[in-house]
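Letters A, B, C and D mark the chains in the order given here, with residues in each chain numbered from 1 onward.
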C-alpha cells in the first residue's frame, strides 16, 4: 500500500459520507434549537439546519445529477431564503428586546394554556 | 286536493317564526301570544285537511312531493339526495299529533312564560317545523337534517325559560341526542354504501331501502347497522341505559316545553324505530327481537319502580313516560301487526296523556311553586275541576278501559303475547328457553306498578286534608280548562272508539308486515 | 417574449398582484402619515383585479409555464379563488383594525399581498424549488405580518415563536426534499412521479415523505406540528390570525393535494399515514379546545380540529375525497371569517377576547349574536348550515371509499360530538349569561366593513347549505385532470372486505339473538 | 208475545246504557248549572233503574222460553290476527244477575236519597252510583272474556270513587287507593290469564269463526287449550284467571281491602261491598266455569281458597266491635262460602246462595246504615244497645236478616242447604269447614244483634228513628230475604232455581244427588247452637246466669288470649302486607331510584369529566416555550417515522 493509495483512500470521499455529514449537522442544529436558552443561538441553529440541507443538496447534485446540477441551484435559493429569515428573525428579536430587555427564551412564555 | 302540499305544511311554522322574530312585529306580549296561538291553530287545521284527505287503503306513501333546485336537478345531486316528502298511515297521525300538541302548548304557555316572548314563540315554531320534517321526510338525508335541527330550539327552550339546573340538563339533552344521531349517521352511510356497491347508484331514498333483504347482506353487517340505528332511537325513545337525560330535561323545562318534549319528541324515537329498524332491516329485528323485548320489559318495570320512589312530581311523570315507552318497544319486538299497531297506538296515546299529565303538573306548579309531593296535600278541596280533570288523565295513563291508554296497551300486550317472534334466545351460546310469552307476562306486572305510583301520587296530592298554606289554591282558569278539556276529549273519544285510530295505521302496517 | 406569453395564459393574476405590490410599496414609503389609509383602496382594487382576471383566462387543460415550474389548471383556479377571497376578507377586517398600528399602515397591505402571492404560486407550483420558494414567501411575510404591531409585546412573542417554529419545519421539509432529489435526481414533480412509478416504496422514501409532511403539516397546523397555532392566533393581530387560519391553511392543503395526486398517487402506506395524522389531529384539536377560556385560542384549536377533518378527505385517496376537501375549505372560509369578524367587533368594542366577555350579547344585539351563532353552529356541523353539508359530504366520501375507513369514520363522528360541546358553550354564554354592566355601546357601530364581512359570511353559510350541489360540482377539481387516481368508480372490492372474511365474524352470537336463523349459531 | 220479547232482547244493551246517560245528565246538569234540586237527580236515577228492572224482568221471561242464549256483537278493536269485540249476551245466568242487580240497586238508591240528603256531595254521589250501575250491568251483559275485563276494571274504578267519596278524610283516601291497587293486582292476573288462554286457543277461535273468547264457545275452546297447552300450563292459566275473582270478591290473600272499604258511605257498602260488585267475582267464575271445570286441581284450589277465606274471616268477625266491619267480614266469609261451593262443583247452589245473600246482606247493611245515621255516625257497638225501643222497624228487619244469613228458616237456609248437599257428595272436609263457618256465622250475627238492639243503651247520643224513605226499602228487602229461598228451592210449583240456571249452561255436568233430611236438620241445629251461644253471652236476660256460672264473654277472652289476639289483629295479614311494603318494597324502589340517579347518571357525567381531563392533560403540552414546541415537533416526527418504517417492513 503506497502512500498514493492511502491518500486516495483518505481523500476518496463517497456520497454516503456527505449524507452522514449532513445528518450530523442536522442533528446538531436540532439540538441547538432545543437546548439553547439564548434566542440568537436559536436563530443560529436554524442556519445550521439549513446549511445541513445545503450540504445534502450539493452532494446529491454532484453524485447523481451531474448533467444539470439542479441541487446546487436549489442550494443557492435556500441560502437566499435563509438570509431573509435570519434578517426577519433579528428584526423581531430587536422589537422584542425593546419591550423587554432580555434575550432568554424562558422570558417569552406569556402565551400559553 | 292540490292545495295540500307537505312542504307548505312543514315550512308554515318556520314562516310564522320568521314573522314573529322580525323587527316589524310589535314587542307587546299579548299581541305576540295571540298571533302565535292563531298561527298554531291555522297549522293544526291545515294538518287536519291532510288527515281528512288521507286514504288509509292506498299502500305506500301519499302526498308525495319532491322539491328540485331551480335548474330542475335534485337538491344535492352529488350526494344522491333529493328533497322528497311523503306520508303514510303512521306519520300522518304523528304529524297531526304534533300540530295539536303545539297548539295546546302555545295556549298553555300564557302563564309559564314571562320573558323574551318573541324568542320563545319563534323557537316553538322552529321546533314544530323540525318535528314535522322528521315525520314527513321520505329521504334518509332529510331525516337526519330535521332530526338534528330540533336540537337547537329545544336547547334554548330548556335553558332560557327553564328552572333549576336548566343549562346542565339542556346541554345534557343536546349531547345525548347528538351522540345518538351520530350512530344513526354511521348506520345510514353504511347502508347507502352497501347499496352503492351492489347497484352502483348512490341514493338516500327510503323506498329503495325498504326491505334490504333483496341485497342478501351479511348478517354481521346488518347487525352492526341495526345497532347503529337502535342506539340513536334508544336515546330518543328513551330506553333504559340511555334515559338519564329525560328526568333532568323534564324537571328543568317549563310546562309547555315539557308537554312538547314528552308529547312529540319521544315519538320521534319510536317512529324512527319503526321506519328504520322495522322497515329497512326486518330480518335483523327478527334475530335481535329478544334484545328489543328484554329492553322493553326492563324499561317498563325499572322506570315504574323508580317512579314509585320519586318525591318530585315532574320526575315521577317523566319516569312514567319512560315506563310507557317500554310498551312501544314491547309491541315492536312482537314483530306482528297487532304488536306494532299497539306500539303506534301507544305512541299516540302516550303523547296525549303525558302532555295532559305535564299540564296538570304545570297547573299545580303555577299555584304552589313547588313540585315536592310531601309538601302538596288536599289540593282537591277547593279546586274540584282540576282534581277531576287530572283524575281522568291519570286514569288514562293507568290504562283504564274506555280511555285511550287501554286500547293501546291491550293491542301491545295481545300482540306481544300471541307473536311467534322467538320461543327462547341465545345468551352467550347458552340457549335460554324463556319465550316472548313469559316476557310479556312479566311486562304486564308493570300495570300494577303504574297503578301504584299514579294512585299514590293522586292520593297524596289531591286527597287527604288540606294544608293551610294552599288555602288560596284557586280553580282552573279558562286557558287551562281549554287545554285540559280538549286533551280529555281526545282521550275519551279514542278510548271509546279506537277503530277511528286503528283504521288509519293498521292497513299501512299490514302492507309493511307482509314484506317480512 | 416567451414570458409575456406565459403570463397571458397562466400567470395573469400573479403578475397583477406583483404590479400592485410594487405600487403599494412605493405609495407606503412616499405618502405621509395621514394619507396611509388610501393604500387600502389600492390594494383592494389590486386583489379584485387579480380575482376578475381569472375569469378571462382559460383553465381547460394543463398549462405549464416558467420552464414547467408552474402549472395552471382548474385545480389552481379554484384554490386561487379561495385564497384571493380570503385576502379580500382580511383586507376588509384590517381597514378599522389598522388604527392601532401606529404610523406605517401601508406596509401591512404590502406584506399581505406578498403572502397571498406566495400562496397562489404555491397552489400551482410544479417544481420542488418553486414549492419551496412560494412556501417561504408565504411564511416569511406571515411572520412579519404576525409581528407587525411592534408596540404590543404579545404579538412580538407570537411572531418570534412563529418564525422559529416555521423555520425549523421548513428546514425539515427541505431535508425531505433533498432526499427526494437524491433518489430521483429530478426536481420537476411530473418527472419525479414518472421515476417513482417504477420505484418500489422503501423506508427512505417514507422518511422523506414524513419530513415533507412536517413542512406542510406546519402550514395546515396538523398534530404534532400544531403547537405554534394557539399562541400565534392569540398573539397576532386579529386579521392576521384570520388570514393564517384560512388562507395559509388552504395553500398548505393545496400543495399537499398536489403532492398526493401528482407525486405519490395511490400509495397504500401513505394513505394510512395521512389517516393516522387526520385522526390524531382532530382528536387532539377537539380535546384541547374543551377547556378553553380565550375565544382566539379556542378558534385555534377548532382550526386544528377542522384541519384533521379535511386531512381525512385526503387520506382516502379518491376524487370524491378531494372534492369534499375543496368544498369543505370553501365553507370553512365563510364560517371562519364570520367568527373572526365577530371576534374583531367585540375586540374593537371592549378590547377583551375572553369567552365570558360575550355574555349577554343575545339580548341587545340580536342580529350580531344570531350571525355568530349560525357561524358557530356551522363549525359544529348542525344541519341547515353549510358546515353540516360539507361534513356530510366528507363522511359520504369516506364511507364510499371502502369499509376499512369505517372505524375512522366512527372516530370522526364522535369527534363532532365533542366539538358540539365547546361551540355550544359560546352560544350558551351569548344567550344565557346576564349582561355585564360596563360595555361601550357606541363603539359597536363604527366597525362597518367588518359587519359587511360578517354579513357576507353568514349569508354564505346559509346559502352554501341550501345550494350546496352546484358548488360541489364546481369544486370537483380532480376528475378533470389526467392524474392517475381512479376517477369516481367504486373501489375494486364489491363485498365489504372487513366484515365478510368469515360470514359470521363474531364467532360468539350477538349478545341476545334468537337462534332461529342468521349465521346458524 | 214472542215479538214483544224479541224487542227487549234485541237491544238489551239499553239496560247498561241507561245509567250511563243518567250519569252524563247529572254531571253536565250540575256543572253547567242546569238544575240544583236533589229530587230531580234522585228521580232520574230511580226511574232509569226501574226501567232497567222492568227490562230485565222481560228478559227473564224471554229466557224461560228460549233454548239458545242470544248474543249481539260488534268488533271494537282489530289489528292483524287480534280481533276483539264487544256486545251483549243474554242467558239464564245473565237474566238472574240482571234482576238481582237492578232490584237491589233500585232499593238502595231510594234508601240513599234519605241517607245522603244533608251531604253537600249529593249529586256527585248519585253520579258515581249511576256510573257503578253502568259498569256492573255492563259486566253482567258482556259477551266475551275481553269485554268482561273492561267492565271489571270500570267496576273497580267506581268502587275506588265511592270508597273515596269523602276524600277529605285521609283514611278514606288511603282505603280507596288500597282497594283499587289490590283490584289492579287481581286484574293483572285476569289479563294474563285471558291473553294466555287466547294465545293457546287462537287458531281454534279463527277456525270457529266466532267472536274471540265468547262465553258460549268457551267449553270447546277450553278443551282445545287443555290439549295444546298441557295440564300444568292449563292449571296456571286457570289460576291466573281465578286471580281476578280472588281480588274482586275479597278472597283469602287479597281480602284486606273489603273491611277498609267501609270508609265509604253505608249505601255504598250495601250496594257494592255486599250485593253486587263483590258478587262479580263469583259471577265471573260462573261465566268461566267451563275453563275451571275441566282441570280437577284448579277446582280443588278454588274450593280450598273459598274455604280458607270463609273460615278466617268468620273467626275475625266474632271479635269485631265495629258494626260495619262485622258485616264486612261476614260478607267475605259468605263469599268464601259461595266460592267453595263453586269449587266443589255445586255450581247452581253457589249462584243460589249468591242471589239470596245479595238480598239479606244488602238489608243488613242498610239497617246498620240506619243505626249509624240515627246515632250520629257512631259505628262502635260498645256505645249501642237497646235500640229496639227507638228503631223497631230497623231492629226487626235486622233480626230477619240475622235469621236469613245464619240459615234458620229464611232464604239463607235453603241456599246453604243446597251447598251442604253439594259438598256432601264431593268433599267431606269442606263440608266440615262449611258447618263450622255456619256455626260462627250465626254466632257473630246474633252477637251483633244483641249488642246493638238488646240491653240498655250505652251510648251518649240520643238515637232517633230512621225516616220513612229509609225504612220502606228495608221492608221491601226483607220480603225476598225471607221467602225467596223457599220459593225457588223447587219444593213448590215454581221452576226451581237450579233447573233454571243449569238450563242455560248445557255443558255443565251437575252431580245430582239428594241426601234426604239428615243434612238440613244438622245445619239447622248448628245455626240454633250459634244463636244460643250468642244469646247466652250477650243477651241481658241471661245476665244473672252468666255471673253465677262465671262463663262471661270477658273471661272467655282472657282464657283464649293468643287466639283472641290472633283474630283481633285480623290474623296479622294486614300487618304482614304493610310490613312487606314498608321494609321490602319501598326500600327496593328507593334503592333503584338512587341507583339510577348515581350510577347511570354518574357514569354519564364521568365520561364527560374524563374527556375534559384528557383535554386538560393535552393542554399541559402548550407550555408557551418554543423549545418545547420544537421538541414535540421533532420527537413526533421521529416517532411516526419509526412506526411507519416498521409498518412498511411488516406489510
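Keep this in mind: a residue touches a chain if its C-beta (ideal position, glycine included) is under 8 Å from a C-beta of that chain, and two chains touch if they have at least 3 such contacts.
Everything numeric in this text was worked out from a predicted model, so none of it was measured.
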Starting at subunit A, what is the smallest number of hops through touching chains needed to reach subunit D?
-> 1
Could you tell me which pair, C-D or A-C, is linked by more C-beta pairs in contact?
-> A-C
Tell me, please, which chain's centre (mean of its C-alpha atoms) is farthest from the centre of subunit A?
-> D
Separation of the C-alpha centres, subunit A versus subunit B, in whole Å, is 68
Between subunit A and subunit C, centroid-to-centroid distance (C-alpha), Å | 30
Roughly how many whole angstrom separate the Cα centroids of subunit C and subunit D?
-> 78
Expressed in whole Å, how far the mean CA point of subunit B lies from that of subunit D is 38
Where subunit A touches two or more other chains at once, the residues are 30, 33, 42, 108, 110-113
Got the subunit C residues that touch at least 2 other chains?
-> 160-161, 164, 168, 230-231
When you check subunit D against every other chain, which residues touch at least two of them?
-> 619, 622, 624, 626, 630, 634
If you look only at subunit B, which of its residues touch subunit D in the complex?
-> 172, 175, 241, 243-244, 302, 305-306, 308-310, 336-339, 341-342, 378, 380-381, 395, 400-402, 406-407, 410-411, 413-415, 417-418, 437, 440-441, 444-445, 447-448, 451-452, 455-456, 458-459, 462-466, 498-499, 502, 506, 509-510, 513
Tell me, which parts of subunit C touch subunit D in their complex?
-> 160-161, 164-165, 168-169, 172, 201-203, 206-207, 210-211, 214, 218, 223-225, 227-228, 230-231, 268-269, 272-273, 276, 284, 287-291, 418
Which residues of subunit D touch subunit B in their complex?
-> 75-82, 84, 146, 149-151, 153-154, 157, 160, 164, 167-170, 172-174, 176-177, 180-181, 184-185, 187-188, 191-192, 195-196, 198-199, 202, 586, 588-590, 592-593, 596, 600-601, 604, 608
Inside the complex, what are the residues of subunit B that reach subunit C?
-> 69, 71, 73-79, 116, 141, 144-146, 148-149, 151-152, 155-156, 159-160, 167, 171, 174-175, 178-179, 182-183, 185-186, 189-190, 192-194, 196-198, 200, 202, 218-221, 223-224, 283, 286-291, 294, 421-422, 424-429, 431
Any idea which subunit D residues touch subunit A in the complex?
-> 619, 622-627, 630-631, 634
